[in-house]
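Structures for review follow.
In what follows, chain A forms one complex with chain B and a second complex with chain C.
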Partner chain A sequence: MSNVLANQERLKIFGLLSPAYLWLTVAIFLPLSAMLYFSFLSDVPFGDAEWTYTANNYRAFFQTSTYATLLWKSLKLGLMVTCISLLVGFPCAYVLAKAIKGRSREALFLLVILPFWSNSLVRIFSWAIVLRGNGVLELGLNAILPFEVDVNLMFTTPAIVIGLVHSYLPYVILTSYLALQAIDDNLIDAARSMGANKLTILWRIILPLSLPGLLAGAVLIFVPVVGSFMEPRILGGRVGTYFGTVIEDQFVAVFNWPLGAALSFILLAVVLLILAVASPVLKRAQT
Partner chain B sequence: MKKQFLMATTIAVFGTAAAADEIRVLNWQGYGTDLDWAVGAFAQASGHTVVHEYFNSEQEMLTKLRTNPGAYDVVLINAAFTPQAQEEGLIGPIDVTLIENLSDVPPDIAGNPDLNAGGALHGVPWTWGLTSFAVNTGEFDQTPDSIEVFWDKAHEGKVSIRDDALEAVQFAAIATGQDINNISDLDAVQAKLAELMPQIKTYWGSENDWNQFMAAGDLDVATFWSGSASRSMAAGLPVQFVVPKEGAIGWLDGLSIPTSSTKKEAAHQFIDWMIDPEFYVKWAADGAPASANAKAAAALPDEAFNKRILGDPEVVARVQFQRPVSEENRKKYLELWQGLKAAQ
Partner chain C sequence: MAEVSVQNVTKHFGTLKALNNVTMDFPDGGFFALLGPSGSGKTTLLRAIAGFIFTDGGSIRIGDKSVEHIPVEKRDIGMMFQNYALFPNMTVADNVGFGLRVRKVGADEERRRVGEALELVQLGQHGDRKPHQLSGGQRQRVALARAMVTNPKVLLLDEPLSALDKALRVDMQIELKRIQREIGITTIFVTHDQEEALTLSDKIGILKNGTMIQAGPPREVYSNPADVFTAEFLGEANFLSKDGKGVLGLDAASIKLPAGTGTNATLAVRPESMSITVDEPQQDDMSKLPATLERRIFAGAMATCILNCDGQVFKVIARDQDIPELKEGGQVWLSWKPEKTIVVPSGG
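Here is the complex of A and B:
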């Protein structure tokens, strides 16, 4: 009897899980395996091109300092964008979760999610119009301020950071919002009634309880930013060469797919390593 | 008029022999073959329709030829890549009897060793041009005549070159007085480029990029292609194309027919139309590279960019034409360029 039940239960679980896992297999696992295969070839196996199995593509990473330098530069960029997004996004999520109710919350939420609904290229080119010398930002500031300012952020690292923060801010707001909303208001009231000041409440209650959301947001931002290539290329100009743009070059400009694939997997490995090292902290935060 | 009639009749004769075909052309986007009026005129005269597919780099073009046999009937190949395509068996020899206008192409161009890879003509010379630079005329009282303007501190942060390893290395080879096809002192090239990097505001990727950066006043001086420069000047940008005394990089583009094409006759007809003076004069009015067809070049009005600058034998004497680059050198150049970019 219990066996039949268990079987039925198993069937149900299987039925519910299989669409997602089938999709993941087809859409992620297969292309990734193909790329992993490519990364061990000497040439793209199209047409008559001759190719052999080799680990040279991975060796190439260590042969010059170019790739390591760029990877380090990309990691620093990821860290910077993640920190700024957390600093900007968390207060916003707090206000949305705890201070504002009803209609105005919906309206504010819409504004937060809006970047998700616009094409990323359109977003980046809009920033290019705003940030360039003689651009919208400079004209606007000079119209308001009594003195002349010269704002030309285009083709600088700050321009890249601004573009990336804009693209990824919604992640941290959404994940923090969910975590903050789950905090029972009574806890905060209780702390206050026992004499805790605002800073103590933030530090001892709100931050620890919302940490899982905050960290989830941080991971969601950090990983894609480290591999980003569009924002650095368009907004960064001369300083916009990162690990992601070099990988893109291998696929688009140089047609060295095997090297591009190998560099991608090195990036993946480094990111996984960072997450693994950080996982004790992440786990502690969740309990 | 007589010529036009002749073309119409020759095409009509072919047209009746072969049924209306749809030929597929592989080219850079917006590079002559896909002009609406040109394709329309060809369809009207021959009955063949033309469909386009585009590539963004020579490597992509070669990959497309390798992976899609039979998909293309005409392909644009830079002469520096024709030997490789011929060697891989991707393109077949041209039947010169089917291309009437070929007789108007000067023998030194038609006999180009790269286009004649494997001992037979494998690419019909179509256009040629220069990779040199253009300046924003608003920022210069006198048009500079030396490539050293790129290293002039007065233009720091107002300089751009294309994000392309080969072009960057050959550009610096010219600046260091070397043969672009046989660079003996690569260290000098690297040092020269390293010195250039702080001057650069951004790299440009496409003609559109270039025009936008110039129009926004981001740049004073930037490397550019002659054909693109003529278009930008025609569009009213305040720029002037310069062939400096140190020289410039020259390139030659040919039209080839893939071995796997099933519509070779229609493909030959299309190529014949592409080197026809009538087509070229009309194309040049909107900005085109120089034609390989002497008759077409001569038919241009005297004030035309391609006649004024590229028609000057003294200028042509300074040009170093690009030859094929070995895989080994290509890799070396790429490493050099990536290293320089990563150090920024």
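Here is the complex of A and C:
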């Protein structure tokens, strides 16, 4: 009897899991495997191109310092965008979770999620209109300020950072919001009753308890930003050469898929390595 | 340690009058209960004393200091919350030591005082545990130790025992009283459990709709309730009349009233004050009424009888052995001493 039940239970679990895993297999595992295969070829196996197996694509990364320099530049960009997003997003999440109630919270939430609903290309080109010389930002500032300012952020690193922070900020707000929402208000009252000021409460109670949410948000931002290519390309112009744009070039412009694939897997390996090194810290934050 | 005094305190939440001209004194070292149904303003009053909310009018003094404009973190109070509000990211010792660390007493002193506080609540060995590793009763003790360790002027408890099961609650009542006596700290607690209020406190304040109905020692409030609400809320009462209108067609001669009772007073008798006899009692100095025994509920040493007296349901609680053996539906007499008739002034 219990065996029958267990079997039924197992069948149910299998039934519920299989669509997701089937999809993951088809949509992620298969293409990724294909790319891994490509990365060990000397040329794209399309048409009548000649190809052999080789590790040269991976060797290329180490033969010049260009790739490593670009990867380092991408990692620094990821770190910067993540830090700014945390600094901007956490206070916002705090206000949403603890200070505002009712309808105005829903309205503000909508504004947070809005970037998700707009097309990313449209979003980036909108920023281009704002940030360029004689653009919306410059005209606006000059309308308010009594002196003339010259604001042309277009094709600079700040422009890339602004665009990326805008795209990824919702992640950190949402994850922090969930963590903050779970903190019992009585904990804050209790700390106050013991004489703690606001800074102590933030440092000793709120930050430690919302750390899992902050870290989840940080990971969700850092990983895609390190591989990003659209924002650097459009907003960065000449300074916008990053590891992600180089990979994109291999696929779109140079048509050297094997090298692009190899660089992608190097990026994946580096990101996984960073997460592995950070994992003890992440784990400690969860307990 | 200090006395607390609340004078004419008023607090509005929008159009709702949460506290309406509330006055009550809490002498030094006493144990006080704020009792009332939900929405009565008892928690609002406690939070006003704590300093979480500022009042709209009136004065609150802790010791010889006026505190209306002092925020909670500067009032030097200890507070225990209904769900204990222990910091889940800290050990028991760090939880208890939190207030000391805020006051920068130094590591050695902190360790010593945390140790003492945990000993006091009999949790000396549990300093390294995290709150989620403790039972409900243990968490409650940690919360108590944490509230007391800074030697606050006053200890405020918000429904301190409501999250515990019945057996543990009785244990903790005794424990709480012992610790309070040992420290001698002025303690104010909020409860909706009238039995808890009667058991623990030296003085009870009864609130209803933001108004302090009555404040006094438990025995006094119980035997001389200020109004019908208090009589019904604090214990049970069999009403003989309400506001001068007889609830039953009473034979006036059979009920002896204390001298000077107004004609439109409310009269009631506590269930435990009445006794049941089969024959009409012969003493002339007793109040008496004929009734029908409807149900008899045995509960060990005590029994509860539900009686019908001229269409009105009466409840009598007595020692089981004092109740005559009778079939349900039998005729009996209820009698009680005249001074056991509770006279509630009208309009009170």
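Operating definition for what follows: the second predicted complex is superposed on the first by the 287 of 287 C-alpha atoms of A that agree within 3 Å, B and C clash if a C-alpha of one lies under 4 Å from a C-alpha of the other, contacts with A are read in each partner's own complex, and residues count from 1 in each chain.
What we mean here is this: a contact is a pair of C-beta atoms (placed from the backbone, for glycine too) under 8 Å apart; a residue touches a chain by one contact, two chains touch by 3 or more.
What you see is a predicted model, and the numbers here were worked out from it, not measured in a lab.
Overlay on chain A: chain B and chain C fit together in the combined arrangement. Rounded to the nearest 10, the angle made at the CA centre of chain A by the CA centres of chain B and chain C in the overlaid structures is 160 degrees. When the two complexes are overlaid on their common chain A, residue A:D184 makes contact with chain C while staying clear of chain B. When both complexes are overlaid on chain A, the residue A:R132 reaches chain B alone and has no touch with chain C.
Of the two partners, chain B and chain C, it is B that touches more residues of chain A.
Contacts of A:D150 after superposition on the shared chain: neither chain B nor chain C is touched. Contact with chain B, but none with chain C, is seen for A:T241 once the two complexes are overlaid on the shared chain.
In the superposition on chain A, A:E50 makes contact with neither chain B nor chain C. Of all C-alpha pairs spanning chain B and chain C in the superposed arrangement, the closest lie 46 Å apart.
Every residue of chain B that touches chain A in the complex is listed here, in rising order: 56-57, 59-60, 62-63, 65-67, 69, 88-89, 163-164, 197, 200-203, 216-218, 334-335, 338-339, 341-344.
Within the complex, the chain C residues that touch chain A are 50, 52, 71-74, 76-79, 81-83, 85, 87-89, 98-99, 102-103, 146-147, 150, 156.
Touching chain C in their complex are the following residues of chain A: 184, 186-187, 189-197, 200, 204-205, 208-209. Contacts from chain A toward chain B in the complex involve residues 44, 46-49, 64, 66-67, 69-70, 73, 132-134, 154-155, 236-241, 246, 249, 252-255.
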